[in-house]
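Both complexes below contain chain A, partnered by chain B and then by chain C.
Moving on, here comes the complex of A and B:
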């Protein structure tokens, strides 16, 4: 089907990046982009009484790679939880928490999301990750290679050689077709693989390298800002899942306080799935919410952004991270019924997978559930907090409508608080929070905000020149009072129509066709002399530590057939 | 009670009859009865192609009895998701009988295949012949088996009976195969004959009674003797030796063996 010109008429348009707040305007599309004028024969699309918004931007969802595949292996029952037989236009859909890539792509589209980022790729597993991503239809995608436990990074950081680190980062992004720097439990995964321990603060020392998580975070943040990658460092902090870890999280954020952001943005650090790193500790050393401390810090520090990692209770799901020790801890905490996998990726990182069902009657899980929305409500600036469930770690992304209903309606929250364990009432401040998100804020948290944080210029808005990714939801915000009808939000946040690059993918709530999305990637080495100096050391490093040769490391262009190269802007 | 009967008249390599339950058939008119769909291999066909249909279903599942006559082992999924009423199977039957059922009664006159009562929640299954493997167990790879209800097998059962069982009662009047009650979490398994290797391996809670012979795993510890046991108001004369385990999983399950 050719991309046709069309005009979306009569919709209630929300385009926060361009200051459009629920106005009745027309959106015009030609050749796959938003334009200000279309030929007179342009197709008319009636969107009257419906919300017209930019396509959603998912900045953190584990949708592809060996760990997702391992999750599928551990959850065979997941494949009969949701299945739709194939039709003339669609392949069969199978799986729920860790569905097939095809299902993931289709479900995201039906939610109105047109961009999905895979946030943790072991660089050595890049080929597998891209092969899976290639099978995920519709969405534009990108991956974040993992850096926080890479031995070469440790070497650079130990010598405080930021120039070499910059050259290494640019090289790694180019070779593995990455987009941003992911840091998972810096130094912790190394300590797990080689000392059967973990780091407990940002100042624990890795013996062989004599570096600390603080140095790694600072080194990578500084290199990232000087290099001018589109996104800040994307950090999964130390001590994930441990009671009282909010202090470690605040230390992590403070580490990079004095680092100057790249001129193109205000942020230097993105704290991901904040819920898992926001546990306080009460006088009996039990869990309580740390949301107030964290939100206060985020409110007073514009250089920090975060995403929720909201927990969905009573839904079977699967945790999967590059944080091996955290997964082992979860496995131990869950008892003999919990299956688990732990893995090490040579000289780079590790990982673990544990299927889990968060229980509403479990005090710990109930508080986890509360922390996500509590923080989201306490953070004043919606541009710096993004709605995610860390799919599938906190729960499947298909629960976004429900998460949004909790944010938009105190009634929905109160109803939920009644059904979960009562610990939520005295260990978190959720019951006292009156704030209700507006449509504009929700659309910032799900598209405009993440697009801006990820440095995606043509996503998350409907201004001239933007990709024609449009989601149309069957809600009339003037007619339906969201706060009083939370069930409506939940039902109707499945898109009625979705247009991607000017083509209809969803009509009347049903996917009608699938397309291939593009891959955002960086393909640019750092300064020539620094690059050469780094390569000399790196080749030696490969000789010493890798089981594959240097020349086999780069993944071929064929793995990302529709690349969208993003340039880096080093500051000199 | 209203009765509908399906008499098998034409064989096929595989038939799936999860639609022939009181839940699906109640309120059906005579016309609708004839056009009820079943699966033959990967093709959906009307039940009347393979069965002779007779009778009239009741207004609710509870008032409906479905009889499958001349049933053969290539017929699978009988009584899946059933919530009430009676399903009588004359002859033998294939796999997944009463799988995930939530109520009602299933009676089978002959033998049944694997995965009978898999993840069932409530209701009762009575098998007059032998049963295959994975009776009352979890789906392959899942970790929650049968959570309630009763299964009575008058013959023998195969391997992995009551695997990951979390409630309910399984009674086997014959012998049980290897790995009886493996990974059992709750519920009761009673075997009147012998049990095979690795009985109760990985069990954490729950009860297993073996009236015949069984080899006790070394990870079980003797814990006392009982003169008689009372299982759902039925007295079983002992003396019984109680073993606690499985120690390998830090389990606190009870394995009673008649001395």
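Moving on, here comes the complex of A and C:
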């Protein structure tokens, strides 16, 4: 890729990681990275009166793989909601809640996001996931294979053989080009596929293996920290979507309280789409917000990070998870007209897909809407809470500007509270919250924070040596009072200019070209003797329980044509 | 010297068996171990059926000329159709989609004459399914409806379903109950614990009766669709008492009277069974990568088949943009990839194909090459070139190259790439 030298002049720069808080300064780019000096003929880019920020980092969006594609199949009408014919430089854009991969890539770029992580891949389906990612342009990407219901993990955990588990994790990452450990409803998806049930607490026992979600979480967390993968375990907790589940969520976080983090970080667990796992239970056994309990725990426990999974109401969207029993539950709750796909995967995981529209006039959905923002406002440290909609589960990511307007403006929140079901006023603390996020905090929650949590050293900041991924928004924070003009936030958080690896992708708010993004991946086995010991058992495991051969499992290098290997740093 | 390739993926049917051992001597396949009869014939006989000669209007031509001609045909047409795709790699299907967008073509795959009703039904109600390994490990009740695995998917029983041993089914066949529902006895039906012979075209009625019984309703008849109600009650009992059941269904259900309504009813029946126990449903897909064709089309256009790009963005209309309808009604040129519509399509569609320019890309000459103005032979995926294919349950596998193809013959993917380059020149 040819990248020219350039100097972005006059912008109001926010670079929270390097302590730059809205200062007028120049950003210099050469050979695709941020530098401190450029040749005198470097191209000048005028950013005066505009916010200049690092490219956004999406840490949790379902953008590729069999379940995303199944979501498309269930929503044929989605491709009539948004369509743009092909042009000389771009292919056709179609789809809204679950768009085509090409559209997803282009829309994320226009939002100013240059890194997008797919957070739940059934390892057996890795090839499919990577084929779709290859068709998603621009963004750098990575995937989290799921581990929480894998039979081999159960075997290791049951024997408390952490060395073998570490060897298995490193092997799985390498074979499927994974980046981090995803855990979805640990043990629950297994119980659904094989016993038509679920687990209801972290101490329920899987009969055949005699293991509990607690053991699985602890085993994987310990192995992960000892292995030194770039990110902590990424956890979708048990009991998702159930009234009162905040107690299970807190139990989940407490499970790993005493696990020592890898020396490179403070965290040991990331709680994903917290909103879906933050339901309290009132005296009538109905839903209320559990945000205060969860936020208090996060505030007092630096080893925890989380992302929102914010709900967007009155927009048709689609739930899709590796949590088979949760999706069955959602489809039953929505009634006989709900479409439902189930997708169990042999010896590894499960999954399900159900289209949904969260309704503003539905008390349950309205409380769900409130919980996300409420928690985000109650958590004090913006470095440990990331803005997501669990795209498309809570709603399409294209609503991030609106979510940000709710966080930055009490006026915007109050206006919204008036239009949603009044349960929000009694069952959540949202009306009482005065906090308004600053630009700096927003830019932490959307780039600096997630980049740090994901262990991406070249992302989320504009320091020397960082990838030259820059988003420029047409907002002058000195002129526009965000709290009083929330509609401005919503309009102008679509980027005016986006530069990736030193190359213009968006100009004047329009995508002008597309590029192939990097794939971050782990490509490193664990200690030779442990690797060999593990492999001996694993081959037998494959022979017995899989329907494909061991030799056809590893995905070929062609599936990640622009790989960026990330090394692991095991502690001895 | 004999070279041995282990764990080769067979690119014939939707089973995509990946344990084939291929022996090659002097660039010729001499032995195929673990193969079924069909697979053996495919691997050992792959060189038969004629020379791979590029033809324009029946005369020998160069590849360059043919590619240029193909591009001209597509660019000059008002309503070109691209069709086939189920017997090639995902990589080639992705290129086909790009080409369709470039020239504003209709694009459709062979599922529009096999499992498209399954896709339509899924759009209506969803589809509770799983990978075949889950069936292997767990299923203790297997219902085959309107399909004949013994002859169409010969290794299905031994690898994935009734005869294989799994985690919860360590005694194999003894741990399972197997039911066949079909309009006639086949080589498969004798292998079940129960066979229900149903009157042709009455699957929907039978399925509705089963749903009624499942809901505890009393039927007012003793016989439904030629099947005794007491047998139906027996099936309902088997379903409810199973730990984990599955329905495999074939073209007997998708292409008989009722079509997508049959499948919608079958899926709804499966959903309702989940109020009692684990129950899933899986289509028996035919061509080795027809599942991939639906899948790739969906992530690129939003729709699994019957797509039109004439307005520069994808639109979907089965019955209008599906190949048979488009060919019979209004298409004025066709590019056929890895398929033989002349051998299989209704008379009107084939008749119009004789009157329009047709380009065929296929490893072998076939009935369509007789009417084709341009025939471009290609490499056979899974034998002479590699590529991705999806098994009937969606599990993606990477097929292998075991012998070198003839000099100068390209893969489908490369040919399509070259055609696109020519199209770009013409459109400039």
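The definition used in the following text is that the second predicted complex is superposed on the first by the 571 of 572 C-alpha atoms of A that agree within 3 Å, B and C clash if a C-alpha of one lies under 4 Å from a C-alpha of the other, contacts with A are read in each partner's own complex, and residues count from 1 in each chain.
As a working rule, contacts are C-beta pairs under 8 Å (C-beta built on N, C-alpha and C of every residue); 3 or more make two chains touch, one makes a residue touch a chain.
Owing to the predicted nature of the structure, the values given are computational and were not obtained by experimental measurement.
In the superposition on chain A, A:268 makes contact with neither chain B nor chain C. In the superposed model, A:377 makes contact with neither chain B nor chain C.
Shared-chain residue A:339: touches chain B and chain C both. Of the two partner chains, chain B and chain C are each touched by A:76. Touching more residues of chain A than its counterpart among chain B and chain C is C. Of the two partner chains placed by superposition, only chain C is touched by A:194; chain B is not. Once the two complexes are overlaid on the shared chain, A:313 sits clear of chain B and of chain C alike.
Common to the chain B and chain C contact sets on chain A are residues 74, 76, 339.
Within the complex formed with chain C, the residues of chain A that make contact are 64, 66, 68-70, 72-74, 76, 78-79, 83-86, 91-95, 99-102, 124-128, 131-132, 135, 193-194, 196, 208, 328, 331, 338-347, 353-354, 544-549, 551-552, 555-556. The residues of chain C lying in touch with chain A in their complex are 6-7, 9, 18-19, 90, 94, 98, 101, 119, 122-134, 136-138, 159-160, 166-168, 244, 271, 274, 277-278, 280, 295-296, 298-304, 309, 311-314, 316, 388, 390, 394-398.
By the touch criterion given at the top, residues 139-143, 185, 202, 204, 249-251 of chain B touch chain A in their complex. On chain A, the positions that touch chain B within their shared complex are 74-77, 80, 336-337, 339.
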